[in-house]
Amino acid sequence: MKLSILTTGGTIDKTYNEYDGNLRNSRTVLDEILGGLRLPDLFIRHVEVLHKDSLEITNEDRQLILRSVRAALPNSDAIIIVHGTDTLSVTGDFLHKELPDLNVPIVLTGAMRPYEFRDSDALQNVIEALFAVTLLEPGVYAVMHNRALRFPGVMKDREGMTFKKTSRRKTKERGR
Amino acid sequence: MKLSILTTGGTIDKTYNEYDGNLRNSRTVLDEILGGLRLPDLFIRHVEVLHKDSLEITNEDRQLILRSVRAALPNSDAIIIVHGTDTLSVTGDFLHKELPDLNVPIVLTGAMRPYEFRDSDALQNVIEALFAVTLLEPGVYAVMHNRALRFPGVMKDREGMTFKKTSRRKTKERGR
Amino acid sequence: MKLSILTTGGTIDKTYNEYDGNLRNSRTVLDEILGGLRLPDLFIRHVEVLHKDSLEITNEDRQLILRSVRAALPNSDAIIIVHGTDTLSVTGDFLHKELPDLNVPIVLTGAMRPYEFRDSDALQNVIEALFAVTLLEPGVYAVMHNRALRFPGVMKDREGMTFKKTSRRKTKERGR
Amino acid sequence: MKLSILTTGGTIDKTYNEYDGNLRNSRTVLDEILGGLRLPDLFIRHVEVLHKDSLEITNEDRQLILRSVRAALPNSDAIIIVHGTDTLSVTGDFLHKELPDLNVPIVLTGAMRPYEFRDSDALQNVIEALFAVTLLEPGVYAVMHNRALRFPGVMKDREGMTFKKTSRRKTKERGR
């Protein structure tokens, strides 16, 4: 399987600066994560699109992400986008709207705690995203914390520190 | 989702004895692994069925595993079986034959290197198994190393130190 | 050996808050570190004196640290103080001046990178401090990065991101 | 400080073979350990003398260790020997007898649990050995588990899974 991974920054990639004690997006940890995994069927191309906290991602940045996805699509069986969680659902909705005729899955993932921390959720989420693209139907998804949520209708659940499907839950509640 | 996890031992659970320097199956590391993950939708029941190297699993042990699966089925949305890799495919074939009318997925997983080792594949495989049961159709599967392989026709690939689907490869070879 | 460990906060203890993405001093990681070590001869008493970035430690806080040291001294064979690196040398100089007749070693240690990070120097520095108190003569020391530096004359080396002995270097330069 | 480290194998260096499930001495993990530490004052030369379980170390092997120590001494401020624990005290006694006029410290260390295991004591012991050589008087020592024990009279404490000083304790008790 040919997989394109686009990294944009986000909490998952924040690294610690010993001079000023701050956490910043300066490099991506993706290759460090991939280096520890066993992925015999995957051929991966990694593109570093941005190194930004997702609160700072502008409309122009989203156009750049879209162009990067379009450039990768003809040659990819699936695409993973590593993204900050604060505006992950904005980018997911945007891609879902702009790419109506997808024939591969696009999975957005990230983390609530930077990978550099011992108790980060980054490794779990990346493993899940890598596994999800082997099984999911074409479409745009957020994958994190043992869930695959399909756009549209995905939002950050700030109380639970995860993502949730707004519309599906409403539908379910109505259905009962 | 209500998930039953049956542990039987295997390489994944082998722990080091400092007195004699041996690796043995004496306890399960599953709860330690689960403790580090974020699984907000899963309600998990963990049953320790066996603590055995899978080369020592007898036909009677397999009957015990089958009875444990049958006991769990009425109340479970999915079942994961943690199993040694040497005879994982024997148990998978056996369960596939004995449970023809499954309406939930049963996923067998394990590891090539004990979880206690820093560079073990155990965490990856357990995360994948936990994610797979949320997406897979009913059936019996081996999940490991970014792959979900459906029984029958799954075997250990001793050269690649992973699992493969025998029938698929034969078909491919015929096709050439 | 009876060892008192006083924790005051500092970089070593900073933990990540997932709600706002900040690093803060809210709890001490010392017991987590000690739990992973083999220290058959040590009997440890741990006192949480402060939970502060050392840039925020006031003169009153230093009086509190001094009182805590004096309270521990009669019953301790050694004292370790876990402290932020930015003003560690201020506290070390203060204790050296206020405690002229020490008959046990007092070791200040800390870290350039919080313990919660995978590549932190915290574990190394705590192991060194715990080992240093078994060998050092009475006096006040900074122990970190394979060095035991005796007060007075210890300062943070901001370029090297470690500590150095000012007076010794001057002497050496004169000697050449 | 110029430090020579001689590795001989031992539990600390045992690595897992996925094909047969055995633990073996085939390579040294020392450089991996050193890579994670901050040692600004140390200039290290690493010599791989043996790759053996210490139960298999012969008299000829000990002669080789002695020759390696003698070769390193003229150019070293200290020597660390990484050694299996089962016969560490045999090698320590031998070096103590053969090197009566030492003017640098020689520290033997090792581990009860291979470094590859998450809960190994290897990192602690290597950090302690590296710190000990900056403080210890000339002589031959075992350093492990927060202790520096001087030869002769050091033996493995099989119940406590550590090392102890036989003669010194008796002497101390008599002295009181």
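A, B, C and D label the chains in the order they appear, each numbered from 1.
Keep in mind that, in the parts below, a residue touches a chain if its C-beta (ideal position, glycine included) is under 8 Å from a C-beta of that chain, and two chains touch if they have at least 3 such contacts.
Since the model is a prediction, treat every value here as computed from it, not as a measurement.
Across the assembly, the mean Cα position most removed from that of subunit C is the one of B. Sharing over half of its contact pairs with A-B by residue number, the repeated interface among C-D, B-D or A-C is C-D.
Rounded to a whole number, the gap between the C-alpha centres of subunit B and subunit C is 47 angstrom.
Between subunit A and subunit C, the centres computed from C-alpha atoms are 40 Å apart. The multi-chain contact residues of subunit D, meaning those touching 2 or more other chains, are 112, 119. Taken together, the touching pairs link the chains into one ring where each has two partners. Contact residues on subunit B toward subunit A in their complex (touch as defined above): 36-42, 112, 119, 121, 123-124, 127-128, 130-132, 134-136, 145-148, 160, 162. Across the complex, subunit B is touched by residues 11, 14, 16, 18-19, 21, 23, 112-114, 116-119, 158, 161 of subunit D.
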